[in-house]
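My structure is below; once you've seen it, I'll send some questions.
Per-chain numbering from 1; labels A, B, C and D assigned in written order.
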């Protein structure tokens, strides 16, 4: 045979799991999108179509739902760890499991105070989806050690000033004027890798870690006087690593969502940034700034291209 | 000629306007997507291609940006009123203008307290997009009277209990079991029509009206013990009209976002709603419940099919 | 009660139905997305939550699948007629049914000729999705007469010349230069209404009607030397009505997909349309041209805003 | 500083370029979406915000449009090679350029024959977008050698029979019944790597290579009697490598687009696959089968996760 099989993986993608836990009348919600990807001794199914080593993707789906009941969903990370361990330890031909999870956040609806129904406070089990960023995690297990990469996507942020861009290379195709007061806006896609790899060590507090990491990311964005989006990227990554000892590596993919000052001179109007500036928010093309920030002494493991969860 | 021209309209759609107003170091942001649609004496451009009565769509775009500077953006509704009045009163062939606006909400980023730069508090001009619902408005003007229809889309809400569905018609194609404790979730698309139509009357406070209407909508959803999504729809509409004297009509389009209890019996697991229930969140198909609620004595004017802004 | 219920409708949306009919080894495929919407005597479910008149949306879904088996899918229109008649005639409280259908086209995969397996010609049951436009239909029935509105969306067309735009109104916000050779491109959304309304009359050949109507639409686009997109719109509508006696009304929603000549002068390059012109294909904003063309003596019935099927 | 910079890259993404070449009245169209990504000596811009080594992303955009005029667009691959070579050889701090291109195919509109205008045949410059798959290429250059990875996405294919799935592992979470006649459908995302790496060697004929590779992919899909989607994946990859000497590696990401036989027994209907079977086309979850096929003796270089072009 003049061809052979390289890396391969399979599983059920995008299992939408919602779990409602009741604490009396007060309900709690976990809303996940779980994708399973398995690899191992799978040559035969590719070469001959023999499924003798193949746990069906339908079974991986069933396992996701059954585990949500059996083990609960303490956090997306903890849930992914349960699942990955199960597939690798229960099926001999499976040598590696990767679980990717998206999590959607909900907040409680505030009640009218008056109370529509006697004695009831519906807000205890009524929710509105926050709709801001989507939380992400990816758990990989090979039977020996763990890799946990969490993150977020679609977090849109803007500084309406304190951003400049000048002093750049000018070649024959350069027409961009230098800017000393511009809008800096981006839709953050970030992934951060934990240094927890070993069952023998205590796990991080995944929920607190996420909240704190997002907070540091946002604050670094807001508090960096920016001479380039690259500088802001590095500050966001460094701020996270400085404050979160459990994280060794952060990668960002940051589209530069351009806001162009509209030329209003043809209409006799001045449109400078001093006050009341009007911008055109452009879709495409956009700058795309990507980079990794690492803790001293650590090696990069997050892939260069942040793929779709 | 065996054919003739019926209703027609034209303009520039989806002008993305961002306006930053500075109050010292504190900035304010308005982030709109504005679509202009004009109609009037436009037979010739269709029949012969003569553009003699056509104000170019490019000009309508320019007007949007120039007006954002000249008149500011007090609210989406007020901005649309400025634009609609301009097109109808300044161009004789234009008899009617319809302005549709989407508005995206931003909130300030909380600072780290420590203050990254001496004396600065970046949160004054740093924002994160809320990402929850999209606010909508549509302004129509024919030179005499106004119609203002505001609303929202993509507001996802869920009651994790206090919803039942039983006692329905059963025909030969009915297999659905009755439900006495189910999840009720929907992605609200709503439009409400104001009774302000006349320049001589004082306008409503558009910003306050939106905040209060959204609040009542959410509370009615949360506080209704639901026997059907139709009942919840009517309660949401009634609650708005009861509390907001400026609104005479509300229309909803409510996809019933089904959450099915997963059958875990094959795995020896009970999955009832008493506690820790696991649901499959389905995409398609979905129930779609649509309806209008009116103030007594008022006539419906919002179209049956809520079209895309 | 100070509020009352207006127009309302409900049903199951987006039922994805695929039917495979076998003619020996040769298979035929129908791939539909069917949405059901019913209305009638439904006050009580809104006012009190009583479902006594409510056929569940789940039942409407089951009916779609059962009818695909029982009646087959001769065409999207014929299938919708079967469904609409059933709901109105079998359920007393249901007075009106509207069925909307999207249809996706597939073509056969060409074989390698050599024949991979002895005696087999896999192309007989192997398909690739065409991916061009999406075909649409909407059937409405009130127990007495029919309204059939078919159409298409997402058909992207371009004339790379034979389009001009000049002689338009110029006001203080006009900066657009006149154009004597421009690209005209649009993403056609069209709906056409049939004059078949009565069971006693013979139905049109729905499949042939669609193929011919699309052909005339494309040819009119290609063969119109255009002075405005409005002119092209009218020509497309007229061409259809002239050639298709079964159609009385056509409505279009035509985004003007702008292709701007790039200014290459800063780089010492001429970029005129004579040959080798380079364009920037813009996303937003876009012109939006909408209009109805009618057969003489007919009244318009297609709504102004083409909503999502 | 306790952190340092890892891999980074930047450029302008999604430059939408349309080029019209005229051959008398016959026009030809190239419609591309070009993304530029550069890396090299870029530490300072991240650490201090100095842009001294940064060619602005706006300049990379200008270069794309200027090159479309100066060099033409013979093929997406050839165009990417021009661009990548330019950035690496003209800017000392830039050590590596990666150009990603999406290409959209258009076909000519057939004329009415009668000829709407005397002597004119509009089809010579009138086009309709094919809308099937999106063609992709990625060119990477480091100043010494080339890597060209082309491919496609969103090619939806279906075999309505000749697919089975049985003999798989059964664990306690397995409920799937074995299938001996099922629909096999997928939305192909594929990437193939060329063995052309050296300027001294003659380049492949990129246009012919694409057409032939797509043809072999489709035929292998159609002509494989499938016992698993993995088997089909391997056959598609092998067929390409067997027939196309210029390609050494193919990677696929194949969502298993499930079509479930609807259970119509509650309605007294048999729904087996013998004829007229009715399927529910499901959205999520879906199986996801990914794998690489290599020419003997070659090493894999396409990343495991096919990212978004």
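Assume a contact is a pair of C-beta atoms (placed from the backbone, for glycine too) under 8 Å apart; a residue touches a chain by one contact, two chains touch by 3 or more.
On a predicted model such as this, the values are computed, not experimentally measured, just so you know.
Taking the definition of touch as given, a chain qualifies here only if it contacts chain A and chain C alike; those chains are B, D. Pairs B-D and C-D differ in how many C-beta pairs touch across them, and the larger number is found at C-D. Chains compared, chain A against chain B: the Cα-based superposition rotates one onto the other by 180 degrees, nearest 5. Rounded to whole angstrom, the centroid-to-centroid distance between chain C and chain D, based on C-alpha atoms, equals 28 Å. Chain B and chain C have Cα centroids separated by 25 Å.
Taking the mean of the C-alpha atoms as each chain's centre, chain B and chain D sit 37 Å apart. Touching of two or more other chains is recorded for residues 16, 62, 66, 173, 175, 266-267, 283-284 of chain A. Interface residues of chain A facing chain D in the complex, by the touch rule stated above, are 1-16, 35, 37, 42, 45-59, 61-63, 66, 90-91, 93, 165-171, 173-176, 226-228, 230-231, 233-234, 237-238, 241-242, 249, 251, 255-256, 284-296, 300, 303-308. The part of chain A that touches chain C in the complex is made up of residues 172-173, 175, 266-267, 283-284. Remark: chain D residues 16-22, 27, 29, 31, 62, 65-66, 68-70, 72, 106, 109-112, 115-117, 120, 122-123, 125-133, 154-162, 183, 215, 218-225, 259, 262, 264, 266-267, 269, 271, 273-283 touch chain C in the complex.
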